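One structure is given here, and the rest of the page talks about it.
Letters A, B, C and D name the chains as they come in the text, with residue numbers starting at 1 for each one.
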Amino acid sequence: MTKNIKLDNDTTIGNKDFNIMAGPCAVESEEQMDRIGKFLSSIGIKILRGGAFKPRTNPNTFQGLEYDGLKILKAIKEKYGLLVVSEIMDPRDVELGCEYIDIIQIGSRNMQNFALLKEVGSVKKPVLLKRGMSATIEEWLMAAEYIRLEGNEDIILCERGIRTFSDYTRNTLDLVSVPIIKNLSEYPIIIDPSHGTGRRELIIPATKAALAIGADGIIVEVHPEPSKALSDGDQSLDFDGFKVLVDEIEKLKVHFY
Amino acid sequence: MTKNIKLDNDTTIGNKDFNIMAGPCAVESEEQMDRIGKFLSSIGIKILRGGAFKPRTNPNTFQGLEYDGLKILKAIKEKYGLLVVSEIMDPRDVELGCEYIDIIQIGSRNMQNFALLKEVGSVKKPVLLKRGMSATIEEWLMAAEYIRLEGNEDIILCERGIRTFSDYTRNTLDLVSVPIIKNLSEYPIIIDPSHGTGRRELIIPATKAALAIGADGIIVEVHPEPSKALSDGDQSLDFDGFKVLVDEIEKLKVHFY
Amino acid sequence: MTKNIKLDNDTTIGNKDFNIMAGPCAVESEEQMDRIGKFLSSIGIKILRGGAFKPRTNPNTFQGLEYDGLKILKAIKEKYGLLVVSEIMDPRDVELGCEYIDIIQIGSRNMQNFALLKEVGSVKKPVLLKRGMSATIEEWLMAAEYIRLEGNEDIILCERGIRTFSDYTRNTLDLVSVPIIKNLSEYPIIIDPSHGTGRRELIIPATKAALAIGADGIIVEVHPEPSKALSDGDQSLDFDGFKVLVDEIEKLKVHFY
Amino acid sequence: MTKNIKLDNDTTIGNKDFNIMAGPCAVESEEQMDRIGKFLSSIGIKILRGGAFKPRTNPNTFQGLEYDGLKILKAIKEKYGLLVVSEIMDPRDVELGCEYIDIIQIGSRNMQNFALLKEVGSVKKPVLLKRGMSATIEEWLMAAEYIRLEGNEDIILCERGIRTFSDYTRNTLDLVSVPIIKNLSEYPIIIDPSHGTGRRELIIPATKAALAIGADGIIVEVHPEPSKALSDGDQSLDFDGFKVLVDEIEKLKVHFY
């Protein structure tokens, strides 16, 4: 049985519903986040994603607004009654981060950053644990175990594509990991169709498959103007595209729960 | 637009239906095939799979009944009004094979066996072209092009899992290849959840995802007694399991077409 | 112990020497092959490579001169006293091919083309069996077993790079496969630094490593004008570059045998 | 040109010599380290490896002696005049670690732990940066750039095998990365034949290839009784095996520098 992760605003993850977490790759400005927060809350989305600390391959690219980004996230979530999921990369930021965000995201690059896992294991916030780019199922569940052993059992797993030879998509989305995780653990599992494919036109089909294969939701990139996004624009939906996604999933999901 | 591949008994592949091709990994005996053919036809399945020529990694393992297997397939298909899909591995067997089978399967190991591709390109039988274990999307479509250039445009693509580091499943099923193929070509595409996962308990969830992501069907291994199968028993459904699969897909598919 | 494969002109593979097989990716014309044959024989090379049948991903690209290519190879080998290694892709070409070439190459795409393996297993010509792009060690040795069981034990294995996520080189050259093969079998094993790296500047270092790790030789692409080659120019040495390679290996090899 | 990294006891890395860093996977006890330190110094080895903090996949397995391990390393290095390389996993341990060790190792799992990279970038100790399991060449060099931009240019890269489909070895050792790194950067690069192969019998051939392809050294696991090692015994040499390695490399290396 999948355990339920209860969040503040009557939201539960893992409870026979399909949660859609959405927002930009990176928090870019208060104005940007206000547009997105307003839009998402207007169509019933409850969890806003947005990166304040950005783990970028190249140190010379935009690294996120950092603490200022956290403050923006908090302001927007309070204004629109949203919950916020955002990545923390440094164990020294965990305690402060907990004051601003509702779900702590551990990114793929840090799936085996054991110092960080132990730190988020010792706080009382749900953790979204992304699968490492080349992590086996066992390594992923063992990373969750590092968190759980410190006392935090509110863990949501996130499949975001694995690294393979295949070059048409950014990663190879391992959708079959969903029923595997369901068989081996009690953790809810969601899909990241943005990183998992890297291509906007594949997000809706991948989300339908995620629903059908038993995932508890998705985390997806939405941006008011994807072509102007500071990162990951190619894998972000615009507002109209996102509305199509939500509508299609709403219609389908009654047949799966 | 996906093109329709018209087959003999009023069956079409690619025509907004979800085709389920089923049968054992290998043709083992007339008695075995009779049980399977009778069962499948009784629940409305129209296409029987079964290997007469088996491409086995180890030359000392069962290689299939070869021509005797083809004869059994033909007898069973006539008795129960089924169509037959079966693999041909040698260009010299293509012409004779056409007398026995309805859809010629090209296996993963032969996806870039260009002599074989040209040979099946020159006959008038639909070809089921499985993706190679480490084939990119482009290489797969180019393999189809080898067939098409010889004059045969009745090509059905089959995603059957790619080879990655991931070790929990036999292969990593690249479900996202379905909408990619739909965007790039007109060929119908089906999924092989048996080889794609290698584990019986993952076949039904993978099939639901295949339906949801837009596949035109599946090819799945069914055996009356999987534990006694001469090959691939772990990834074969028994009759009861297969009925569950068919029932679940029947209920769901009305929401997708 | 590595077995010795004895060839016609007093050449042995596997006999504590480091064989350098060289030539163009494709036979393009008699004039081209004459230049290359003359050059190679002038510096003591004994085995000429050159593709008559070219397995190309795209059917619309140059497919080789086919039978005319075989004839050119035979003319050049007789003129300069060389041996010839060339790929055969169709089982129906094996018998005729034996009249023209000295070592039959089975390419990566055909490593598990079992009809072809059986055919070359039944003739009296040494076989150069390239590793498949995603073949495990066991699958590779089992492919050799398909040849051996038909009666032909003169098998030379060739590591040519495997397909991985790594994108700087064309393939990832698995040099460590050399001592593994030595531990598990008696077959000589050579390295293909051209396909294994895809980059000219990496050929000499990769060849030194091949020598040091115990390989029995290399097969390398050499072209009088790589920038004008019909295929694989980027991974071909020109004559001057090839002379440097030969000189460096000559100096080093005395320390390894 | 490769830059020289100057260390305390007249040792330089990158200076046309082949450095052999050796020691156990994990610091297990003072007695164990004393035996190893005594042995290594007696045969001229200058750099001792040994893990105090062990990044283990499973949180229930031995995690290293941690600070006690650092103290043992310091005692042994002073007793035998060795330098010590050891992994630091938590940015909060970097400053203290610098008091105990001479080269800070960043492990594969932390190659993109940017908080940790920045921290080791701000101290005055050479850093050994292992390649991530699925890191491209560009990602690896960009990780080094995170360190360099903080002011620390004493970076030694370490290729330790990448994760591929290949299952005979623990990882696939990408030896060709050595000349690539030499072409693209000024950093010295060493090979880890223990993790790169996972098999004791492959360490010596892999080391010879590392020397031949231009590496600046290796880091290798040595244990007095590999069968009793708390981790990685299968890929550790015993003292006799290690002496064979050192002797063979001593004889060969004069031909490469």
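To be clear about the criterion, contacts are C-beta pairs under 8 Å (C-beta built on N, C-alpha and C of every residue); 3 or more make two chains touch, one makes a residue touch a chain.
From a predicted model like this one, the values you see are computed outputs, not experimental measurements.
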item	value
Both-way neighbours, i.e. chains that touch chain B and touch chain A	C, D
Most remote chain, CA-based centroid, reference being chain B	D
Contact-richer chain pair [A-C vs A-D]	A-D
Chain centre separation in whole Å, for chain C relative to chain A (CA means)	49
Whole-Å separation of chain centres (CA-atom averages), chain A against chain D	35
Per-residue overlap in chain C, given as positions that touch at least 2 other chains	134, 138, 163-165, 167
Chain-level touch network, classified as line, ring, star, complete or other	complete
Chain D to chain B touching residues, read off their complex	134, 163-165, 167
Interface residues, chain C side, partner chain D - complex	134, 136-138, 162, 164-169, 172-176, 178-180, 183, 196-197, 201-202, 205-206, 208-214, 251-252, 255
For the chain B and chain C complex, residues of the former touching the latter	55, 57-60, 89-92, 109-110, 112-116, 133-134, 138-139, 142, 145-146, 149, 163
